[in-house]
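In what follows, structures are represented as structure tokens.
Across the two complexes that follow, chain A remains constant while its partner is chain B and subsequently chain C.
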Partner chain A sequence: MSRIVWLAAIVAVLVAPYAVTSPYYLHLLVTIAIFSIVTLGLDVVFGYTGEVSLGHAALLGIGSYTAAVLSMHFGLGLWPAIPIAITVTAGFGALLALPALRVTGPYLAMVTLAFGTIVQILINEMTDLTNGPLGVKFVTPLFFDWRPYAKMLPFLDMSMKRMKEMQYFYLAAVALLLTILVINRVLASRYGRAFEALRDSPIACDCMGVSVYKHKVIAFVLSAAFCGLAGVLFAYSEQYVAPNNFTFELSVQFLLAVTMGGRKSRLGPILGAAIIVYLPNLLADIALFRIVAGGIAAVALIGGTISIVRERESWRRIAAPVALCIAFFAFALALQKITDFKLAIFGVMILFVVYYLPDGIVGFLQRLVVRRAGAKILADPALASRPEAEPIAIRARAEGGAALLSVDEVVMRFGGLKALDGVSLSVAPGSIHGLIGPNGSGKSTMMNVLTGVYAPTDGRVRFAGADIAGHKSPEIALAGIARTFQNVQLFGELSVLENVLVGLHHSYRSGFFAIGARLPSAKREEALARARAMNILEFVGLKALAAEEARNLPYGKQRLLEIGRALALDPALLLLDEPAAGLTAPDITELIAIIRKIRDAGLSVILIEHHMDVVMSLCDAVTVLDFGQKIAEGRPEAVQRDPRVIEAYLGSGAAAHAA
Partner chain B sequence: MQILLQLIVSGLSVGMVYGVIAFGYQLTFATSRTLNFGQGEALMLGSLVGLTTLNFLIGQAIGTFWGYMLMLPVVLVFGAIQGSVVEWLGVRPALRVKSESGWIMATIALGIIFRNLAENVWGRDALKFPSPLPEASLNLGGVRIQPMEIAIVVGAVVLMAAVEVFNRYSIYGKAVVATSNDREAAGLMGIDTRRVVTFSYALSSMSAAFAGVLVAPVTLTGANMGAVLGLKAFAVAIIGGLSSGVGVVVGGLILGITETLTGYYISTGYKDVPGLVLLLVVLSVRPAGLFGRTAIKKV
Partner chain C sequence: MLEVDNLVAGYGKVKVLHGVSLTVPTGQVVALIGSNGAGKTTTLRAISGMVKPESGTIRLNGRVISGLDSHKIARLGLAHSPEARRVFPSLPVIDNILLGAYPRLTGSRPKGDVAADLERGFELFPRLRERRNQLAGTLSGGEQQMLAMARALMLQPEALLLDEPSMGLAPKLVEEIFVTVARLKAMRITLLLVEQFAAAALEVADFGYVMENGRVSLSGTAKEIRDDPAVKAAYLGSAVGRG
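Entry: the complex of A and B
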């Protein structure tokens, strides 16, 4: 299937200059290809990681002006400009993303908006470097003089102008195809999985050693790099660039293109780029504008009617957009001079797309035409029995005889409340350590302190010989502490197999180049990881469900999958936060067996659990918390008889009675 | 020294204007975790509506000063309505579909539409705004200062103080604070959080419109005055911290003064650069802003 699409794309590119003989429309095609590179890159940030960038026009400008500076001051042409511009633009991307993505919220949008304005000002002001508002001229290069081959190529136009145009079209098309290829491969790799995972559950992502911050930065820098490529191509295609080529409105248009075309697809951003490139023509010609507005109104009316007849949507939800489309058509008819209201029409388009076409044209068609087929079976049974892909591996060991984890007088304060008040505990290697206590006693807070979700107010946490208190979650995860969550935190839209693969993120070594070029080492690595993931799924009994979307699993299976995903991290210590909550009796039996197997493989486990039978049958030692303080510790049966524990659970009367 | 003092004084009034706009960002961010990317346009519209009202009142043979005073309530009401419209058209639908980024694009789109409409109503040129106070500068120990600049600082402080008092002491204000702390819990306690969000948008645009008529006599007004101011206020909001009331004032003053200093000592062309630099530096060093507190997310 995908091979056919590629073949069709290549054929389309090859014949396009023969079908489109007008230089104007050929140039339009080149611009669409260049803007597609930007929108495809933007989709990685906007569609996949969910961050909004309002600075992509400025990044495009940086690419163009890198080419300008190189040609004006260093006499370097198109070819050297491409790698240099990619590097420079990626650098600017990093400069923005590194600070802006440290906090969640609309910060990236705000910072990139400011950046866009500043870039325009700086290009205008730094006249020595950039020639200021006068702009810079470029000469479209001729790559290959095919006049000597006139006889062999009878169907080609041999005029210098046409030769340049055609060759430049091919260059832009090749750049676009390569962009698609690289983005496809990156998104299919561990990076793509990380981008999806960090949206589904940022906290689980961090606790799997996949730093949300780092991967958002990676996505933005990657996206900026594509802007650099596009910028150079844009400069040599336009033959003239000036600061006002790269306005805020263009950045908004890029966002509109991605949304309108359809996020998280390759076709969508390209379609969107075509629309925004054609938009000025549409908004300059009132007759054309009326026809298009009429067309949209007709489609909306027909589509709305079909939806109501088929009872897919209630008429209430349909009525508003359809009415809007018709009103828009009426407005188009009433409009006298279109240029005055160009921006307002553009604004209305954005509103319409945001609210009534949130999945874009591609998403809308997909929903209308075909219900998407279930996820493809990714598992290859031939891979699943490789001896080097043991389900359980351990990365860190305690130093000779010492405790694997020792928590020393940890205090966690929230305002005036001490959720943990000087708690100490120590976990021996290869043991199961229970952590129990009534609700609100600080058990989950302890989990969060141990995994870096909270930084403790005071106290020390040593793990495998290193101090980890206050370290960030991804660091701690990679040091060898894995966890599950009390309220299940799976990556719902990823498949069961992919959830485990996110846990295996740490096992990959290949970088962007190896992934983009699909080197054998990268392919081998992916195959090994998949085999390993299948073995882990077999271990927790979910092999048959590998291709299912995680959110479709029943609750008990979701808890098992969380354990599997945690095991993928190769931890030395596994923290299980109420793994039996909500499980049926047979599920619990299965769970107990799995935890035993994990311990037998040499892992240590900390188990928070309210099912006392589970705690008593599994744990080698138990710590009891109450109101943030440790009230008892020891062998399970001893703890069970401790009057303070009974008092904490049942009140003082019960304790007296038991005594 | 004299020059430095003069620059600082000039920076103060600009900084207060930034502060008021950033204050508007805070109001809506607290209740709904969203903010109006078209806030600059709210300011611009407030200022232009103010101009038209003022010119009408002056035409009725009311003096400029009393005309300005009578115009203020009109502008405040207009700002509140404009903010409600933004919330109703741009933010509420996005919050309903739980879209992470829809509100950003929608408020940008509304900003673009408002600017385009303003261009068609008031034209594209910069317009002179009659000053209610004498335009001759006062000379305070060698430092020249326009009476209107003093009015800006006073007006900004009064507005922010009024909103703070309202939030602290009225039952409606308590609803706003409760919604800021925990929207879901506030909803369960019977607070109509949707109305609180609308209200915060009304208040936010009202502040911006007020800032618009404060600053317009000193600068000029016009359909394109908003974008840059809105942007600067972003920087201020982040520098001061999106959650800190004191932060926006101090952040505004820092930015205003840095800008006048840069404009004088380096070049007026680079006047807008320190905003971004400060923004990036603050985010690198203290992501929650100079005065913001880092929220601890519960799992």
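Entry: the complex of A and C
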């Protein structure tokens, strides 16, 4: 966020208690700030990693009840409660996430749903610890008594009650601003990139050495920690907590807040929190409700007209939502008693947002007002010449004279089908090894076995002196095997530069504290990684496109970006799965030059390719597979003449010429 | 006849096409060639409505189809066999093919004889008949490409867009694909073909267009394009200099 926005936010916080003199509305603002902390944290899980949590109210409750237990049984106040509650809630978050995120699918939603119910029941039943349904009372502390300074501070209200209210408001506001700051920094760091990357392509994420499982858990625990902070603040703000503060409905409201406000933004979840906190008031006051409904109708009418005039949308698309907004206003005018319709109105709002504002209010406004600017690059050219920023580095070496990779009698069985049937091959250091064969002959299966996507049914795989068969993808990636994918697996919503930075994830050392506090070491590390990423992009010829979203690149450039991202892993062995597919002759010439440079730098390459001229001009040795078995192996010229290879794969040769 | 006039399109703020015009006469094959990122795939995507054109008109047999949703364009008789094939992996082969005839079964296209067309598809691609009950996701790359083409033909299209049918296929299969394209030509299907194997594509085509940086840089009969020295040097030469 820019300095101006921050300054405006701080000024708004400072003057708010003077503008809002009613204790009731000041309390609402405090609640909005506290719920915003929850929704901002929830957005990390829901917006960024794409997992659904239905237990955030329960996590908030854990935070509040940690404060309650500390106050009731240990006489500890607000300040010690904050770090303890953050730790305890994060611990509960880990307890939930560790089993639930091991598998993909809706499990986190189900586990958190059950968790929410259990937490509420336990708080109710464990009366010795929690005081059960009776709840726990708190006293909001006075942080600073400014009465002795009455003469110097004539503009301040000196009553005890007002002092507490104002001070507590500032506390909540500061907590919210710090939350925004930390979340901004974490999301701009390697963690934020990992969260988005794992949603775009989990398999590529794992194969870049960034464990999808681990980072989903990290995101959830981070989110839970913010619930802990919010929980303590909530308890002291309400001055009373009871089990029914933390119902399942509240969890759903948090999700709605993030969706309505707008995911993947800071403003969206805050706006959403404001809506869910303020909505009950709105729905209790018919005059206010009519004004707001009228306002919405007016905005819809004006916004719709602008869209049609600018020809962004056809009138048919605009007509329905605008008509609905006007009908809603008419309904508001006709309505006599609002209380009967509270839930129905809430439901209509949800449906409306889901149908017509899928990106939330903030997403909608962004589209209407501004077009998204390209991602920032922030690379320091001074760092680019550092030796650590060289595009190619190699992490593992073969042990004296041995093969870098040796595959021994590998079998991969899927049900009754043997995709690989006792295949052996060996790759010498610094060589390019071709792997060819008809479609469906097991080449890609071999790639997946080598990178841990599949665990082989039988056989051994040794890489740089260690047995890697059956190891997990992130481990194998970090051991020094990088790959590209036949059907390109980029992180589409990340920029070209960020895709390479995900590959450089392994080069970072700084943790959450260093990132949140933006220590010099963390800044240096990020700057160096960016310099190196730019050098890698230059190496594959994509430097000019660094800020572009990866999904907007043409196919051939996407393939080059995959190679760049794989190089970022500092691999000793690079697996290229059909890098020339979809490329025309000039692009292929460029690709061949890049692969040669990679080999000359000392990497070994396994190349799956159907363009025979690419295979012939690059490979030191070629292995041919058919129906999961090796049918030929040797120098490329010899393999090309092998009658079995011609029969199974090459055909009469017309197509080879067409290439 | 498919006519594209001054088409401008792109993704978000990135403009890819800067005024592309081309014509595919009824019953003829037109090859669209060019280097990566020239905008060939985007042109096809804009024609079939998967990318909304920002300006320009596209006509199918005289009727303006630019700006319509892609399912409506399909119902008007434009079939698109997309890059990377996009078969429905968890449906059997036969259902994949029949989904291509969906607009005919729901009455938005003339129904004709669906069973006979299915039979014709199986004749064109005998391998698909053998695998008719297998899930499409378990097919090899070549078989998926055949499936995508068979599915597109089931629309009884007024025009067919074929995007990189040979991509990722073994050399032997690439030959087969070009044999199939020649058979489609013999069946008088109006065909717009995007291909990486420019030489083979121009061999089968009647007309050719060369795209560079989102514009058509050269057009003419396939023979004229083949004989153009600049095209020869840039696109028809093999990557390692073999002709």
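In the analysis below, the second predicted complex is superposed on the first by the 574 of 659 C-alpha atoms of A that agree within 3 Å, B and C clash if a C-alpha of one lies under 4 Å from a C-alpha of the other, contacts with A are read in each partner's own complex, and residues count from 1 in each chain.
Assume a residue touches a chain if its C-beta (ideal position, glycine included) is under 8 Å from a C-beta of that chain, and two chains touch if they have at least 3 such contacts.
In this text, all values refer to a predicted model and were calculated from it rather than measured experimentally.
Applying the stated contact rule after C-alpha superposition, one finds that A:F46 touches chain B and leaves chain C untouched. Using the contact criterion defined above for the overlaid structures, shared-chain residue A:S617 touches chain C, although it does not reach chain B. Touch criterion met: A:Y555 reaches chain C, while chain B stays clear of it. In the superposition on chain A, contact of A:I588 is made with chain C only, not with chain B. Once the two complexes are laid over each other on the shared chain, residue contacts for A:V252 go to chain B alone; chain C is not touched. In the overlay built on the shared chain, the residue A:A466 is in contact with neither chain B nor chain C. Look at A:L153: by the touch rule set out above, it reaches neither chain B nor chain C.
On chain A, the surface touched by chain B in one complex and the surface touched by chain C in the other have residues 486-487 in common.
By the touch criterion given at the top, residues 11-14, 33-38, 41, 67, 83-84, 139-143, 164, 167-175, 178, 196-200, 234-240, 242 of chain C touch chain A in their complex.
Remark: chain A residues 314, 371-372, 436-440, 486-487, 548-549, 551-557, 578, 580-589, 592, 610-614, 616-617, 648-659 touch chain C in the complex. The touching residues of chain B, counted against chain A in their complex, run 33-35, 37, 89-90, 93-94, 97, 99-102, 104-106, 108-113, 115-117, 119-120, 227-228, 231, 234-235, 237-238, 242, 267, 269-270, 272-273, 275-276, 279-281, 283-284, 287-288, 296-297, 299. Residues 46, 50-52, 54, 95-96, 98-100, 102-103, 105-107, 109-111, 113-115, 117-118, 121-122, 124-125, 203, 248-249, 252, 255-256, 259, 340-344, 346-351, 354-355, 358, 414, 444, 448, 453-454, 485-487 of chain A are the ones that touch chain B when the two sit in their complex.
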